[in-house]
Amino acid sequence: MPIPSLLQLVLDLTGTFAFALNGGLTAVRAARLDIVGVLTTGMVTALGGGILRDIMIDSLPPATFSDWRYLAVAAGGALVAFFLARPLQRFTMTIDVVDAFGLSFFCVAGASKALEFGLGAGQAVILGALTAVGGGTLRDVLLRRVPTVLTSGLYAVPALIGAAITVTATLLGIYGIPAAITAAAVCFLIRLIGIRYSLNAPQAPVIDHE
Amino acid sequence: MPIPSLLQLVLDLTGTFAFALNGGLTAVRAARLDIVGVLTTGMVTALGGGILRDIMIDSLPPATFSDWRYLAVAAGGALVAFFLARPLQRFTMTIDVVDAFGLSFFCVAGASKALEFGLGAGQAVILGALTAVGGGTLRDVLLRRVPTVLTSGLYAVPALIGAAITVTATLLGIYGIPAAITAAAVCFLIRLIGIRYSLNAPQAPVIDHE
Amino acid sequence: MPIPSLLQLVLDLTGTFAFALNGGLTAVRAARLDIVGVLTTGMVTALGGGILRDIMIDSLPPATFSDWRYLAVAAGGALVAFFLARPLQRFTMTIDVVDAFGLSFFCVAGASKALEFGLGAGQAVILGALTAVGGGTLRDVLLRRVPTVLTSGLYAVPALIGAAITVTATLLGIYGIPAAITAAAVCFLIRLIGIRYSLNAPQAPVIDHE
């Protein structure tokens, strides 16, 4: 299946670049790290989700280490972040939008790869979301921030929806470039709406700390 | 061996429910997260230890992803925590007792599964304890708390003892429901005593910071 | 190949002891943990890097769990730290130097083992560095410190250089005890220079927070 494999690669590498850029920008802005710290944060953000997915589906060594392009694209994205941090800082929403971009590509790529490795539909949806939120969560843990996946209701949810569309399309036998773009676009739009309106899911009833 | 397998499943799922409840309650109380954050924290707490164990013993994909019941029970426990957080908050010891409950089941389940996968006795004891403390440690890292396993001497120790009883019973050929209950009960009691009296293991000699 | 295997074991165990000592000392000094916390921190610091490497190269269960000597040496190093924390505290650079020692042995051991498992040259360099910085990063995450690998430019760099020397020597067919010692010594010296002069890699242009 050359075309699905190529599609998988394009989804993976696009998401990798977006997350590397996001991780690098976060490292510059939030923690004032030097170039090695920026490169490390960018690469962890970019490669973390895919590595977690590959461990879970027993595809070891992870694609990152069997295919040089992942490492090269991740390093490239982080270096772009390092050198363009100043001009990019004027666009305040940039970091979150780039993150939403990575989230959208990775939920599709993660769900699709999990299905290829024989996991069930429900598991593939969860693994798609894990691929999407994994790298950003590692980034936040290393930089000592509470992970976005815990604080923002509309972070895991769009990733789950994008993964679910991917899985449904595959089960219906219509997964391909149009379906992948649709799934990623739906995830992206929901995430953007969440960022724009600071939407959250419902909270538990208020607890009194008397 | 149908009975040991069933026993393994019951131990795993009971521990999973307890940790999901504990993780969800912690997310509500300590961090005021929304329902997605509570669900995520509960599921990470519930599934983290077993996933770490399954990675270590090369049982991939982890049981969590090959058997839907784990995901369902973990999600259920977290949702119970979300909706019952208010009535449950009156019982101040609840969170710690639920955590001790999960700890007791997981040290037995972890050690038993490690032996099934051919690991040695000592390794099975360590892996039993890792299964028991792993989920709570991930929970604490995500919520930015110093992990209980580092600050409370009587957290890893009861898990190691419960795992050691399990391994000893297996080596003697008497592992079964009574031995599993005994091992879990011993772990539970030692942990409760530790909580009640805030016991810790000895500290290193005081260091002067002049 | 009995001699390379023995060399691998010696490198691994020496690095393990150094990191266990470092992790234990850090736990005593930075967080005043009790003996169980010190033991846990020391063992995580000592075994974390090798376990991450073994997961990535699909060598599961990790060497730690298939070979008792790793667990024993890690526990021994942590206990030495616990009991000698007071006399050792007078040597202020001790913790960092011991860490540099572990870093140097692990970058060589990690790169060498990755090559044995058939990974490419570039991947082996990255995995050598991951082995070297992994345990200390887990230690810092558990103790809620920003990981050294992010804040100190000359932490990942010497590990990458030591791993690159190891890989180059192996490709040239001259890897053995002298090459391993050379690679570790170069890594150690660069790291010590970095500590002594608090050197960092360049930072991104200053960002104004007006």
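Going by the order they are written in, the chains are A, B and C; count residues from 1 in each one.
We adopt the following convention: contacts are C-beta pairs under 8 Å (C-beta built on N, C-alpha and C of every residue); 3 or more make two chains touch, one makes a residue touch a chain.
Only a predicted model underlies this, so the values are computations on that prediction, with no experimental measurement involved.
Looking at which positions face the partner, chain A and chain C present mostly different ones, since fewer than half of the interface numbers are shared.
Fitting chain A to chain B on CA positions gives a rotation angle of 120°, reported to the nearest 5. Measuring from the averaged C-alpha position of chain A to that of chain C gives a distance of 29 Å. In chain A, the residues that reach two or more other chains under the touch definition are 55, 141, 144.
Within the complex, the chain A residues that touch chain C are 27-29, 31-38, 40-41, 51, 55, 60-62, 65-66, 68, 71, 82-83, 85-86, 89, 141-144. Residue ranges of chain B in contact with chain C, taken from their complex: 55-58, 119-120, 122-123, 126-127, 137, 141, 144, 146-147, 149-151, 153, 155-157, 200-205, 207.
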